[in-house]
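Here it is, the structure, as structure tokens.
Letters A, B and C name the chains as they come in the text, with residue numbers starting at 1 for each one.
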């Protein structure tokens, strides 16, 4: 993967990232984007969301605390972003946890062309119609070939699929990249996945169409943010604070020197 | 009170705690539950809330930022939890502050059998129909016999009543337990009471029906969380962070060695 | 400007500050008010908001995450506050970012007599009908005579206008005051402006009608809160925590010794 200077570019251009977030993570997500160097805009009212998305350089759609109103706002924002041609990231939080979430994500994916889906392995299982024991917004348990399922979903939806956890997998349906690193405290921070979706959006906003590389860079960057946070934090309260600090202080040079990326051969499916 | 190993059990079983929280405290409540070792699920859309509650090991219902939609979701979630037989905790935030809150809580308590109510003294006064000067979500001012009122409410509603503040009182209507400890900075953290309700829910989720002991343990544990946080924090910004750290690091052994519990004789009322 | 003891008074009287905030900043705003010594009440349900505002010593209305329901609640709360005669602060977050926000603020200002508007320069431009390139909730870019526009808006709406940023300007339409200080990390904290609006509300709640002085004091105090936070924090995660700590620990004596206020001559417009 080419070492694209996405992070430098992001910090110069300060992309405006529109977010439909949720009541749990909005503050952490906005602070994370600001610390990173992006400009967050949190807006979900149906009365303005299309206009807000059209102002932005990227839109990040999160189904964390969902109701029918949010679904309509997500579709409006996504369509507006599609019309303007800016990247759209979908975070299908806990999609397997309820019939309503499953139906809503199906509808969203019919109405909106997403650029990337950022999910955990349980959410991937639901998107790939794999049997899975859901546990709310957590990953849950089951048997899945992550790479194969991610490629299938990416091909079917014509988008990047990024599956994150202890090891990250990102694919455009052809090339698959795996990324190691991160820290055990990351899943103990609520919204650490949601913020990663937003960080991915910020990288995509400056990607000039290099979606796979930008997403892989965002994932690698975020794992290093977690590693750096863990240097001074040993418990989750401090760790969340240090995540924000690291999003601010981690440089492109740090990033280049520490990427743990394994590029995979194409596997035909 | 028997030294039930609720905390160890909780950290092994990682109960899924469903929360209808509010826009102020959702992040703190979710992070607190994660740090404690539970698995939080925040969901309140009427379209899915019954299903979400039925997935969980406990549901925690909070009226912090209330409207009619939230009341309906609370009732749906509570009924679903009752049907499944999992514990239900109600946090009647600022119930005395508006006619709407009073009516809503009356309706909720008619429709849902709650396992425990976690409240402050002002909220208890409203539940017990005692004259009280409400101050928003704060405790406010008035004259009340806390133990007597708590017992009366517990008997009437057939549930545990936990009244927390500088001293905590918990009763099932028969046995009453008082718990000392905690720290003056705790009421300066928004949602410190809301998070305690959720922590109580997590303890109840592994209580095997020992509701009074589990609630008393949760309250005692939480006071020690505050005491431990105050060892490194002298102002509320740092204190909130250290509360999360302490929820993570406090062990059962710490808990056993420091419980400040006074068991009360039964008083017939 | 007279050295009014607003801060001492606030810490003794602990004014109840009613807030219609938003899902991004509610937690930070409530914790900031608590740390300052005020008593926050976050309530926006149309079913109770008039009653809640009438309980309070001040109401702070924020359009951060707006929809039609919030607009109605803001008007209800504002009218109730007007009827009771308590101060009303409006924070027109990102008012230039959408047609809906512009229309909503126009409607709110027709229905409610606000005591003070706390905004950034981009929001001022929209209120003053100046051409401006909006960037979501950020200040954005354009040419504006801040003092002149602030005075015009203050005269037209018969209220205090406080325009905050690297330098703060506050005016009642006659006397204009400028305040230096603060720190570069402040705009990297989401809701730092929203919290300042709430802090202004708390100062106004104890102002006995000295609205201009109370607002100028609040602004000067807040800049020092930022300066003090920057003494121990060099990145935004820690800085946000230290903002809350400083709101708690900064004394009136600190405030008196460090005010950077330049009182301006009246300029007839």
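The definition used in the following text is that a residue touches a chain if its C-beta (ideal position, glycine included) is under 8 Å from a C-beta of that chain, and two chains touch if they have at least 3 such contacts.
These numbers come from a predicted model, not from an experiment.
**Student:** By label order, what chains touch chain B and chain C together?
**Tutor:** Both-contact set = A.
**Student:** Give the rotation angle, in degrees and rounded to the nearest 5, that superposes the C-alpha atoms of chain A onto those of its identical copy chain B.
**Tutor:** The rotation relating chain A to chain B comes to 120 degrees.
**Student:** Please tell me whether the contact surfaces of chain A and chain C are same or different in residue numbering, using the over-half criterion.
**Tutor:** different
**Student:** With centres defined as the mean C-alpha position, give me the chain A-chain C separation in Å.
**Tutor:** Each chain's C-alpha centroid was found; their separation is 33 Å.
**Student:** Do you know which chain B residues sit against two or more other chains?
**Tutor:** 22-23, 27, 240-241
**Student:** Could you pull out which chain A residues touch chain C in their complex?
**Tutor:** 16, 18, 21-23, 26-27, 30-31, 34-35, 39-48, 51-52, 55-56, 240-246, 248-249
**Student:** For the complex, give me every residue of chain B touching chain C.
**Tutor:** 22-25, 27-28, 64-68, 70, 94, 97-101, 134-138, 188-191, 235-238, 240-241
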